[in-house]
Amino acid sequence: MTQLAIYPGSFDPITLGHLSVLQRAAKVFESVELLIVHNPSKKPTFSLAQRVELAKASLAEVGAPSNIKVSTLESGLLVEHAQSLGAKAIIKGFRTASDIEYELPMSQVNRDLSGIETVFLAAEAGFGFVSSSLVREVASLGGDVSKYVTEAVAKALQGVSK
Amino acid sequence: MTQLAIYPGSFDPITLGHLSVLQRAAKVFESVELLIVHNPSKKPTFSLAQRVELAKASLAEVGAPSNIKVSTLESGLLVEHAQSLGAKAIIKGFRTASDIEYELPMSQVNRDLSGIETVFLAAEAGFGFVSSSLVREVASLGGDVSKYVTEAVAKALQGVSK
Amino acid sequence: MTQLAIYPGSFDPITLGHLSVLQRAAKVFESVELLIVHNPSKKPTFSLAQRVELAKASLAEVGAPSNIKVSTLESGLLVEHAQSLGAKAIIKGFRTASDIEYELPMSQVNRDLSGIETVFLAAEAGFGFVSSSLVREVASLGGDVSKYVTEAVAKALQGVSK
Amino acid sequence: MTQLAIYPGSFDPITLGHLSVLQRAAKVFESVELLIVHNPSKKPTFSLAQRVELAKASLAEVGAPSNIKVSTLESGLLVEHAQSLGAKAIIKGFRTASDIEYELPMSQVNRDLSGIETVFLAAEAGFGFVSSSLVREVASLGGDVSKYVTEAVAKALQGVSK
Amino acid sequence: MTQLAIYPGSFDPITLGHLSVLQRAAKVFESVELLIVHNPSKKPTFSLAQRVELAKASLAEVGAPSNIKVSTLESGLLVEHAQSLGAKAIIKGFRTASDIEYELPMSQVNRDLSGIETVFLAAEAGFGFVSSSLVREVASLGGDVSKYVTEAVAKALQGVSK
Amino acid sequence: MTQLAIYPGSFDPITLGHLSVLQRAAKVFESVELLIVHNPSKKPTFSLAQRVELAKASLAEVGAPSNIKVSTLESGLLVEHAQSLGAKAIIKGFRTASDIEYELPMSQVNRDLSGIETVFLAAEAGFGFVSSSLVREVASLGGDVSKYVTEAVAKALQGVSK
């Protein structure tokens, strides 16, 4: 069976930082699934369908390898979904020590619930520091975000902030 | 006079991590008061009365020593309440460095206002990483939380998530 | 041209910690502008006009030097405003490592957008740990905040919490 | 080709924390190599040969799976060795945020030099906090370290501290 | 039996930060023992006897309460000494999150070995940031350290740096 | 008088991370002095004279602006030297939160001794994570360090590691 890793998140929208983690994970694992999680309490800027479309367009734009798939999780526990796919690991990118501390308890719970490990990949220093929420904030104020997201995402954000 | 320490928090609901801190504090101090604080801005999952009941049931379930009491603070400053009881210290559990940094300013204010010191006790590594909010989230998605809370709390959470 | 640095923030209300950063920055830079930023999503306790008034009264109360000015940013990107003024730097105070980690991505974006650097000044240990939000919380519960704010601000907070 | 990950370190001596990271990595990757690195500047307590023996005895003692191998790196760059083996990833365990911050620059250099990614695995909360150096210190003072190391290692440490 | 807490360290030399922790601990606990630990690998600036003398002189100078005692630990495990005295807790002061992360594993080991808890007390913001080693370094370069140590210690440091 | 800032350190050897901090500081301040500090206890790889030469060659190589000077501090307190030059600020670059925590106490002492403030500038994400000591270590093992240092420094490191 293919060795699969899941990269879950809101991706509202996907950034070059996410794409870097994803492409590097795709060198480590045979197959990686970008899992866009529906979290109604977060009031996303883009719908689940839009986020999938932006992720796919962005992967094409950066020439991502073919062992990366995009899917969604509409409800339920992440690890149950991961188990049903036979995933070997959950991938989490991190930018700072605070990110890691925030993710540690959930990774412990996920291991307890399913035996699936979380592996942490550092954001690449060059553009990894900028989060989706910061990109949205800068775009909404008319700032240029083309250094942090693909053209597809930059264009979509212009539509939002108009 | 008995040397008393106060362990304040939301306890929405109490976890095995809280119970570990509490029982260890009860070995250090002659008397410890679990103080369940009403904070209307937080929109608790369990009412103050339910949280008291769950705390008492949990203490009984783990066989906690008799020098632990449960009480509530419905309004007002924590340190005024602590002073009225003649408390010697406020207890704060912590899991990570971020927890400590978050608590430091309040502990400074509490000392300024009352002269009462805050002592920090590390969460026990075995089950201490999991917070009340994570327990609620996992339970609401149907995940098994019996590793992090007492049976009484696990049962109460099932009632909520149905 | 005068070498100008901008010290942006909500200042809702200004604290002695802010005033310490500001006065120390005024020794380093020829001219410093306290920039009170309007952020409607934060639901401030004091209006922009009140915050300006409290900042000016507080600067007078502590005998701040004349190279400190107070101004406001009602909308738009901070760095565009800073560029229009010919500012050389943005000043950020910090109390803990977490503060720095929180500010780093925005400082990277601000450099990318404008070439303007962010310089970080440590909060002075004596009273720097207490934030505006903690001051508001303590004041709303009737606690004495005179150790953390000027008399003008303490008086204004009493008006709010009544 | 087998998907291989390298887990490098001094392992002076191997602890239950290391063994936990190793066994969990062996569930994620097809094959894992425990690489005991010779670092003369560190003045190890156990020789490279002893550390290999203790690692092998410990793996047997905990019933480690057969896809874990033990090898050594006597000199040269870790990533050149990893490349010669066709490794897909370097594994680093971490206990705290400080550990991660310490490892980040080296992981960046390793990627720059070889394209090989470092994946971080959190120490398991139960026994993961205790390092080799702390185990050595406690053992040298006559303390019981059987909770942190295998019997083989505990016995070897007794020989040292006598 | 008196409720005793141990405050261990090198105290080479004792600083006002240590004295603040000590005096605040003496308000929380019935009795506190400042335990000056001999650690030959650290090559102390002051001998154990000198450090005791400086601690006693400093306690007198700041008017410390009578429930503080000074003693030494020449060899062996700290927790065995603490157990022999019937101590209820070990006290650790901390200045930053890094301090805490450094102390956590040892506090876990101490609990495992003896059941004795470690309680953490935050350094007081006003003068707590300055460590013994920094005081020694500044004094050796001729800098004024009177803001960080008692007169007795300042005088002793002048003798060293001459 | 010219507004001067001092950027002190070992610079053993200077890296592109240092040069980035230096050039960005030179945009903020009228004049910046790279101060190479002699610290005999650190056993530097390059002599003070060599470090000066490498710094000057590196500044020329990256086309640094003319308001950057190189000088040395052979003995004595940094802040006394800074005062004698009329400096307005000390500059410290930082890569992680741990760096900041390490520097905070010294910055507090420097302010106490002289009134001179320390301003912190974040390392630029692209190449800032790599320290002098890591560069030396990688170079000594034959690794390519040209991504982290100038050609002049890379050449000098080859001479050392042969």
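Letters A, B, C, D, E and F name the chains as they come in the text, with residue numbers starting at 1 for each one.
Everything below uses one rule, namely that a residue touches a chain if its C-beta (ideal position, glycine included) is under 8 Å from a C-beta of that chain, and two chains touch if they have at least 3 such contacts.
Computed from a predicted structure; not experimentally measured.
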Where the contacts of chain E and chain F overlap, which chains show up? C, D
C-E against D-F, pair bridged by the larger set of C-beta contacts: D-F
Among B-D, B-E or E-F, whose interface repeats D-E's (more than half the contact pairs identical)? E-F
What is the chain whose Cα centroid lies farthest from the Cα centroid of chain D? C
The chain whose C-alpha centroid lies farthest from that of chain E is chain A
Counting in whole Å, what is the centre-to-centre distance of chain A and chain D, each centre being its mean C-alpha position? 30
Just the number, please: Cα centre separation of chain A and chain C in whole Å. 34
Provide the list of chain F residues touching at least two other chains, using ranges where the numbers run on. 96-98, 101, 104, 108, 125, 129
Pairs of chains in contact here are A-B, A-C, A-D, A-F, B-C, B-D, B-E, C-E, C-F, D-E, D-F, E-F
Using the touch rule from the top, collect the residues of chain D that touch chain A in their complex. 3, 24-25, 27-30, 88-89, 94, 97-98, 100-101, 104, 107-108, 115, 117-122, 125
Within the complex, which stretch of chain C touches chain B? 95-98, 129-131, 134, 138, 141-144, 147-148
Sort out for me which residues of chain E touch chain D in the complex. 75-77, 79, 97-98, 101-102, 104-106, 108-109, 112-113
Flag every residue of chain F that touches chain A in the complex, lowest number first. 96-98, 125-129
